[in-house]
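Please read the structure below before turning to the comments.
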């Protein structure tokens, strides 16, 4: 590398300074995973981004999903997954698989990747320190009847102390979206919802949801129609009209939940772009959609 | 209940006072599990005992095993476990199962049980906060050759800070015996060894290993020949002679490791007895074998 | 003791867990003494109970009385005690005797007993750290005239910092009911009143007054007519009607004072029952009368 | 007062600055009482001096005696005091009187005086927080036989934590020379010894013993022969020769004990001189005798 | 010195006790300088007074002016100072001189004097830790036009953290009246205004402005007409009428500003009197004028 | 900027991670100034670099020189600077100018620049908090005689507490090379020496001296002969031989002083290169000369 190029590099560091200053000491809740996670390189890139955030003074809290890996493991033991309204029907045996894949594979992999590159991650489920108290979710099927989805839950309450203490002491909490019921039973919760509720309970300064599309599009399928800033009111209308649909709905709802609790900024960004987290945080180039109140 | 009986009960509390005083603020590492764990009632009793310890000022740290449950899950997916010198041959796929069962089922169950009865448990593997750094174990088969057991590891180093901080803040750490290799890979480690090393690194005041026999017996099979206090020297001789053998060997070695690091008292006790932990700690009635230096 | 009996004992410990959990870190003001104190065994039992409370995380603060011992000492030096409305007429010389007996004998005995059994008690009068500021009490005799009782005082103000700091650091404060006047003179104050005011100033979680009767009785002399829970309104009516009278009046008034200041639970219990404190706190068996708002 | 005089006063404050600077944050153990105490004005002056010390950053710890007042009270109840080698023969009843007078009268009076003038004093006996652990003193009579003096004790051990915590929090500890035996019994200890041991245990920066003579004199009865600085070696010789005798012996021994434990300066000064404490500390004018190693 | 005189001295210390008690832990902002400063002896006396305040628990914060020394240096380099409404016209080169004299000479001299006599002073300008944010002052000339005075500023905002942290850690902050503009440029601010604003921002307990006259006089030139206590309302009227005029106006305005922000007492006193600070603080003799709300 | 370029930028941040991790929480002493300072752009670049260091967890401490600016100001008032062995002859009037330029201009300019770009700098001289205690330097002229250079000093002692406290609280200390003599007088000290002594006293992790040449050259004038790593032994030889000479001598001596006190790494680098600080710290590209023990 020439001296010129090296100096170029130093300038980049300096350009990031105003952003570092702004976010020093702030808490960011970052959701990633589900479809956004398979690629090992992406996983490493996100780990690096998160560690960097930690070192420049941000307190990142990760929430991950797990859909595809769970489906895969269920099929490997001969069980065909079923979904109602995008929620996985979760009987006792499925819940066992969810727990095993979530905690034993996905969570541990993320923790291990972060630590390998120099961070200090700690994996948590909603059981740890009673972090996520859950109640059974009552799902209304398209037909209008209430459907029993088994161990599918909603967040009843967050006890954020454990996450706060760990973040305060330099650790990076990595949270699996499993809630604890009052009898000690486990519930499968949508990871976007967990991220939204956690951001709200922590009074985070940013909620960032990494996904595998460009963001929210005006015209489905046309990346050029990306909406950079989406107001809550319009977001609600688009969900009613169905122009925001499917897996994007809980993401938008998580943003709205966080905004209502006072989180100042929420983002849905494209996790497939290399270092998209840093781009979002350290440059003026908006990538993806910012949901604003 | 008559007033007489109620008063009787109060006296029991008062009799425990000298023990409470002695152990106030002390750290106990408690290993349980493997065969000692299946029964739900025992699990609940141990949870209650551990919570009580926490409330009377002791800082308990749990380490659990997982043998039988792993074997069961392996068989469920059609894999027959193999053992060399009592160590499970652990190829990559087996390691996946170990992680899933350990973290997703056993660890979460213990955490959930403790929290349900009012404790604040946090589940950890060796990856969390880089708690247990492991190296590949070189096993010498009875034939004299070195055998590759795959992802079977030994403790290379303990970073006890995370466990200390959690215990200091009122949490009960529950540790799964999985170590983190330098490349971030996972290792399956004997749970007794982890307990011994953790007790040593924490400079614990007691190491208590719950098992499913009466303790160490002079004559195998004769409970009346229970050795109440076993000196390290004699323990070593008994291991050489084979009168301590099988699964008892790593337990005794864990005690010796802890004693050498300055842990003042180590115990191998009968986890099948109801509230055996409290009996050991709060009464003069020795149950099981105390290994002493 | 058989193993069965030992296990029985461990169960008692476990049964106390929910109570321990509830009261962890809470402050209890406990008044005992006066007639409830003579017996050495009772004194030792109460000391043990208080130490146990301390070890399971409760912060006990003791207030003691001193009536009979003072009377005895006065008579020994040839002075006949006089009472108006149950208050001891306290001239300068009597006040000297009150101080000597209260601080030199009773308070020091309690401190010594607690320390001997392993607690860390510190004796205090209202002078220490200006704990109890007192003003002269204006007593209206039954005849309607105001009577000068000499150095009999009422609590003007509590400075609870010293008690809080000691309790926070693991000490058990033992408070004699002597108040400090603005000129540094001492006042003899009713110990029940001091306990009530101290509970109020400390925002204690319980005020427990040990006495030498069963509690408050519906029909005087009939223990079977014990009132388990007495509402403030009814208590006031009973005092007006005279069915609560004599030494029980300041006890009930202390409870009311504490309740009004936000102390959630106040109790008048039978100190003659062995370990009555533990029975009240660690079992569901109500002993004595709970005064509730 | 003229402006000139007022300015004169301000200069005095300024002249004290170098001393204030030197002693900031230091601990002084000050013994006073016994014969040096009767006068109310002297008591007030000493209280003022001690409060001033506290405000300019010194941590004063007081130890008081009680001889004359105890003798007086004993006689009032018809008991004639007996002494062996200057130690009061202390049977059980005498010990009761010692405790009553020491804690109920003298200690409380000092605490009350200090608080009235704006300090925050806390009275302590050796029982409080187990401050002074005592053992029975074996006294050898001039005849050579060992005499049983009853509850006369020597300091076995000091637990200085309570005094340190109180002093650290701005309180002025006032210590009565009563020790706690292993069975909880009380012992009457020489106050000078307590002061010396306390200074040693606290690693104080000064031990100052106020007495009612000018200091140590070369020729008994000739104030002009005052020894300003007395070396330990010479002090020992003078005690052997008997030129230091009587009540001065335990004072000198207390100084020697403190010096040996590393207390840098020890003084025996004339408590009858108004504000003698301030004179000693804030001026270059040596009053009394400094014992040096 | 005779013993009598020495005792006299000790009494002075004792008489200061009530004042010391009142002001313990309080923050005083003290403005001195400008004409009040030239004399080296006065400078030393003020340093001693300030150190003494620090040692008896007061947290003094100094603000100094610099007028005459700046004028002198300007003339030395051949520039004739110009004033409008008493404010120095400050072009870029003059500002350089102001900074050099203020920071390099006056501030450093004060710091050095305090440290030499045993204090721990730290010199600050408004740039340090962004202590004083300034905006350009718009001055209206007597003719009615707005005049450009160059780098003359008003306090826009105080960031008191740095001063608080230093004072909390035992340092004596010494502040030069230079403000920092938003582009990093320096502004020359009236030192009395800085003192008033700093007292307000620190919620000081006293603002004391040392000057070179007796205080505020009823009849100009007649010291006997000194106003001891001046109410804000009357002060405002006197400024309107012109009976308070010239350099006294910003002093009175600083007092009013501080009073409005809740500073309880503000004083304008005669700095020429030896130890005037101590006289004001430690005696009842009011010297100068107290401005009260 | 294209997305490609933006991603490129993010990668640079990520590449800096290992360096950030290594230097987190470490203290760097950075000397710059003298000839390396005139250019405003360079000054801004260095300010930005230093702020960035602070935000990524490094504790930078700056030391500046001031030669050319002082010479310029001296000439402006008609004084011709004189040098002996490269040391400025400093009579009282020259010392006044040194103080004025150092504190009033250079130090304040650096502080102001750092704060304007978002850091929190605090300017200090050796007088502040008694940071640098100096003694008069005895200079031996080439002729062998001792020459009186006036107020030229050497570091006698560093009191690093003030710098440590400020750095700990997030401030960036900026130190002018002026020492405080025992009479409070000021001394002009070589800035490189101050940097070396400060690095030693702070037990810094790096000493970086910015200069206006490439580093230490094998052949004077030939940049290609730059020595990347210079051992102390060789450095000493080169100074004796004169191949290291002039202003480079105190720089090398400062490095040696720091190395001897345990500072692990010392660097002399080219301050004219843009962002040379970041290049040195955040890349593997060595710029300039590292002096190693």
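Annotations for the structure displayed:
In this document, chain identifiers A, B, C, D, E and F correspond to the written order of the chains, with residue numbering beginning at 1 in each.
Note that in this section a residue touches a chain if its C-beta (ideal position, glycine included) is under 8 Å from a C-beta of that chain, and two chains touch if they have at least 3 such contacts.
Each chain and its UniProt protein: A, B, C, D, E, F = Acetylglutamate kinase.
Remember, predicted model here, so these are calculated numbers, not experimental data.
Chains making contact with chain B (Acetylglutamate kinase) as well as with chain C (Acetylglutamate kinase): none in this assembly.
Rotating chain C (Acetylglutamate kinase) by 180 degrees superposes its CA atoms on those of chain D (Acetylglutamate kinase), with the angle stated to the nearest 5. The chain with its CA mean position farthest from that of chain E (Acetylglutamate kinase) is B. In terms of their C-alpha centroids, the spacing between chain D (Acetylglutamate kinase) and chain E (Acetylglutamate kinase) amounts to 46 Å. Look at where the CA atoms of chain B (Acetylglutamate kinase) average out and do the same for chain F (Acetylglutamate kinase): the two points lie 56 Å apart. Centre to centre, using the average C-alpha position, chain C (Acetylglutamate kinase) and chain F (Acetylglutamate kinase) are separated by 69 Å.
The multi-chain contact residues of chain D (Acetylglutamate kinase), meaning those touching 2 or more other chains, do not exist; every residue touches at most one other chain. Because contacts link each chain to exactly two others and close back on themselves, their graph is best described as a ring.
Touching chains close into a ring; read starting at chain E (Acetylglutamate kinase) and passing to chain F (Acetylglutamate kinase), it gives E, F, A, B, C, D. Every residue of chain F (Acetylglutamate kinase) that touches chain A (Acetylglutamate kinase) in the complex is listed here, in rising order: 1, 3, 6-7, 9-18, 20-21, 24, 45, 48-49, 51-52, 55-57, 117-118, 273-275, 278-279, 282-283, 285.
Those residues of chain B (Acetylglutamate kinase) that touch chain A (Acetylglutamate kinase) in the shared complex are 76-77, 96, 99-105, 107-108, 111-113, 115-116, 120-125, 127-130, 162, 165, 169, 171, 178, 180, 183-186.
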